[in-house]
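Each of the next two complexes has chain A plus one other chain: chain B in the first, chain C in the second.
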Partner chain A sequence: MSWKAACPTGDVKQDKIKECTIDGVEIILVNVGDGFRAYPPVCPHMEQYLEGSGICANNVMTCDRHLWQWDMKTGEPLGPAEKPLLIYDTKEEDGQVMVFIDEELEYDFDDDDDD
Partner chain B sequence: MSSRNHAQWNATPDLQRGEWVDSRIYSDEQIFEDELNKIWKKTWIPVCHESELKEAYSFRTMTIAREPVIVVRGKDMVVRAFLNVCPHRGNMIERRPSGNYKKGTPSGTPKTMTCMFHAWSFDMKGKCVNISRKEAGYQDRLNENQVGLRELKCEVYFGGFVWVSLNDDIGVSVAEFAKGSLDVLLPSLSEEPLEVFHYHKAIIPCNYKLWHDTNCEFYHDYLHYHNRITGFNDAYFARKNNGFDGGHINVGSFEVQYENYEGSHGREELSFPHLPPNHWYMIDMFPGVNFNLRGSALRCDLMTPLGPNSVMIEFRGLGLASDSKKDRQTRIDHHNSIWGPFGRNLHEDLLAVTGQGASMHPLAESRKILHGRHENETIHDENGMRHYYEEWGKLLDRNPSDPMQKFKPYPEFKEQVAQREAAAAVE
Partner chain C sequence: MLIEIEKKSKTYRFEANAGEKILHAGLRAGVPLPFECATGTCGSCKARVNQGDIDEGWPEAPGKENFKAAKREMLMCQCVAQTDCNLTVPSKIKAFREDDINPDHHQGKITDYEMLTSDVLRFEVKVPIEGAFHAGQFFVLQAPELEGYRAYSMVNYSQSTDTLEFIIKKFPGGELSNWAFESNRLNETLDVFGPLGRATFHPDEGHDLFMIAGGSGVAGLMSILEHANQVNYFQDHKVELYFGVRTPNDLFFAERFRAIKTQHPDNVSINIVFSNEPPTSEQLSGNDGLNYLTGFVHERALPAVLEGGGNTMHYLAGPAPMVDALIRPLILDSKIPADRIRYDKFN
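Now for the complex of A and B:
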């Protein structure tokens, strides 16, 4: 895969989370002021969909389940969070947010069939 | 003597012990509590059908003897049962009757059962996967491995029914518990997967055993015009009530003449595997389960006793998962014409037991209830009920004819002796 158009830049507003599916890969997009970030759609803690549960303010995202937080620019964990957000490369082109998807980024979860 | 005064009304019937029961078995609060503790918490109870849990992460909730229970299908497609109670502060974890955890809940994360109170989460195997702010509050004194859900004995058996027991020490499988009573329908229900096509439930103001009694005797054909018109013939009356250990019974089959009922048609075009057309089998399992296969449709009544004079009955209709659209519709039509909420028989049975419930409420004076018919253990015999209450008395150590006294095994009834001797004389 390669650079793909996700949506018009105007659709990704500050302090909001925009969900997109590109060639079957679900991502979420945010606007961090001087650019955009794209992450997998779920919280790395317990798979909560961040499009419904992520709260964005001052470039910090907080999941409303167990209050894991991240620096939205770097994905680095803050507060009680134990794992970073994974990030897809993004750029702007012709008024579109472009996302580089080589392969789908996924978090490791302890599955319930591990024993 | 014609009508009777109070003393005569209360006198012991001129029948053998076991041929009547005391109505307090249907109404006494303490007896009811005894039943929950000594019967319902000890045995296998079918709680739903696996076709109601088709997808991974789907669940259903129910209660057994007032204990909240949840059954879930894991990612590995195995159905498991747990006490639906959070190990933290005892909150009931899931309040919905059914649903799916794949996408999460308003206060829970995906693929987990999450208690809404403090967001403790559990996976589909009952393992705790989240204690909120664990280190802040418990430091290293408590971890997830110590606070799993209580798993309950669970088996999928007999055409996909999900059976649960609160008794970890039950020591027998469902098949062993059934003591052979299910064998008559096992080939028909095990050939291919079944599917629930009808569900409704009703809370009925009567004791659960009154419903079970009604399922255990056919003498109440007098309540059912349909049965008389389509049934009464020599083969009908030759059907046996067969007793099995453990208080279970079943009723042998015959060929129903559906076309004798105006507006009705034979059902020979559609049946169950290995079941001859228009045949009809019935299984009544202790302490209160009914499987009823009339040719094209299987009915199952599951009971949840709520109080001495209140029972929730869940009615299910089942066909084959492989049914064509047309066959399924035929099964639904056949099921509903007799057993649906507007069917011929179901509401007639409900009318009768609610009348019994009105007469035998918890504050009513005790009455004698007769279970004394002997007809060579054929379907108008009341041996099915006697068989049930002998097991009931044994488990509760109460005499059904005088329930404040200890249990004694039933005598050999005079009529049985007479029948045996008559049969011997013929030979």
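Now for the complex of A and C:
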């Protein structure tokens, strides 16, 4: 696998979530001001589709279902969230958002790490 | 039945009685299992059955939306163990507050029963122990011969009380609601389990309070107001409440609001919002210290939210669509941090 074009950079607005499917892999894209981030499409808590349930403001994403939150630049959990967002590498090329998809990133919903 | 939950750091074991929901058995034993609504709608108490047989209870529970049957995923608040069970719980198992009270089962007796409006009734349930709870918490109630628990927040507050005060709205199709309204239920008994819930008030946190309630959702917020008032909290903290009902005839608790407003007129702001009719001329005269408005409660309340929230804790309580409609603008437009929002959604 390799770098794939997801969509034109202008399609990914700040404070919005853009859903794309690349070679059958669903991702969501966000604009963090100085670049883009791509994550798997669902919340790592209850698998809610973040395109509908995600709220983006000030580079913090909140899932409106149970108020899990993440730093959109790093994916790190904030507040009550217990798991980070997984992140695909992204870059800009010829006005396109490029996403590096080696394999589909998926959350382990059976993970019972309680440290 | 022995229930075993293995986490990396620790294995939890507790006994579940025949017919007892696994969530209740664990919480009763002091295992702080994850949960939110405790009534099958939110999905927070998800677990996977590795070994053993369960009765999953309510098969169409909305909280199971994304669950996988092949992995034997289920809601601990709905299911009952039929044999010893080994479970995986993906969410963290962590205590919330040191002063949380372990919930337990009680047989409660209805000791007071009165209609507040044409479709809201108030009743008190006496439980056989001194039932301390945090203001804002709820119990789940099950009426005789009815399947399933329903969650109701307490209206009253006292540091030590054997009485739980509830309000309940007439709700066609709601089994417990139908049971409660069918006839005067004074002296009848109910199964209750609690206290539960984290949309609570703690004076030591020192927040100003901003509250939005729809209909009978005001119950838990009334408990918070009463607790705060008992410790003279409004001497140096502010509270702003927006309470939505349909018409002046649907308003209840006006006297209780007034009693608190009168003591601290500068720090207490009570706003009653009617969605279907304007306030009466007497209400508009402003003599009783409460503010009366017209419109939808969220539309009236949101402009009053302080951007960024300052030191304020925001409490939302009411029907799920109302609460969902508030969370997004609070975070997006008012820039309120998620840990300054506490909510109870009633389905």
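The definition used in the following text is that the second predicted complex is superposed on the first by the 109 of 115 C-alpha atoms of A that agree within 3 Å, B and C clash if a C-alpha of one lies under 4 Å from a C-alpha of the other, contacts with A are read in each partner's own complex, and residues count from 1 in each chain.
As a convention for this text, a residue touches a chain if its C-beta (ideal position, glycine included) is under 8 Å from a C-beta of that chain, and two chains touch if they have at least 3 such contacts.
Predicted model, so just to flag it, every value in this text is computed and none were measured.
> Based on the superposed arrangement, let me know which partner A:62 touches: chain B (first), chain C (second), both, or neither?
second
> Kindly classify A:80 by the partners it touches after superposition: chain B alone (first), chain C alone (second), both, or neither?
In the superposed model, A:80 contacts both chain B and chain C.
> One more residue to check, A:23. First (chain B), second (chain C), both or neither?
Touch status of A:23: no partner.
> When the two structures are overlaid on chain A, which partner does A:102 contact: first (chain B), second (chain C), both, or neither?
Touch status of A:102: no partner.
> Once chain A of both complexes is superposed, is A:48 in touch with chain B (first), chain C (second), both, or neither?
Once the two structures are laid over each other on A, A:48 reaches both partners.
> Give the label of whichever partner, chain B or chain C, reaches more residues of chain A.
If we count touched residues of chain A for both partners, the winner is C.
> Tell me which partner A:34 touches in the superposition: chain B (first), chain C (second), both or neither.
The answer is neither, since A:34 touches no partner chain.
> Taking the contacts chain A makes with chain B in one complex and with chain C in the other, which residues are shared?
Shared contact residues on chain A: 45-48, 65-66, 80, 110-113, 115.
> For chain C, which residues are in contact with chain A within the complex?
Counting only chain C, the residues touching chain A are 6-10, 36, 42-44, 46, 48, 65-66, 71, 88-94, 324, 327-328, 331-332, 335, 337-339, 341.
> Quick check: in the complex, which residue numbers of chain B touch chain A?
Touching chain A from chain B are residues 74-76, 103-104, 109-112, 119, 121, 123-125, 127, 129-130, 132-133.
> Within their complex, state which residues of chain A touch chain B.
42-43, 45-49, 65-66, 80, 110-113, 115
> Mind pulling up the chain A residues that touch chain C in the complex?
15, 45-48, 55, 57-58, 62, 64-67, 69, 78-80, 82, 109-115
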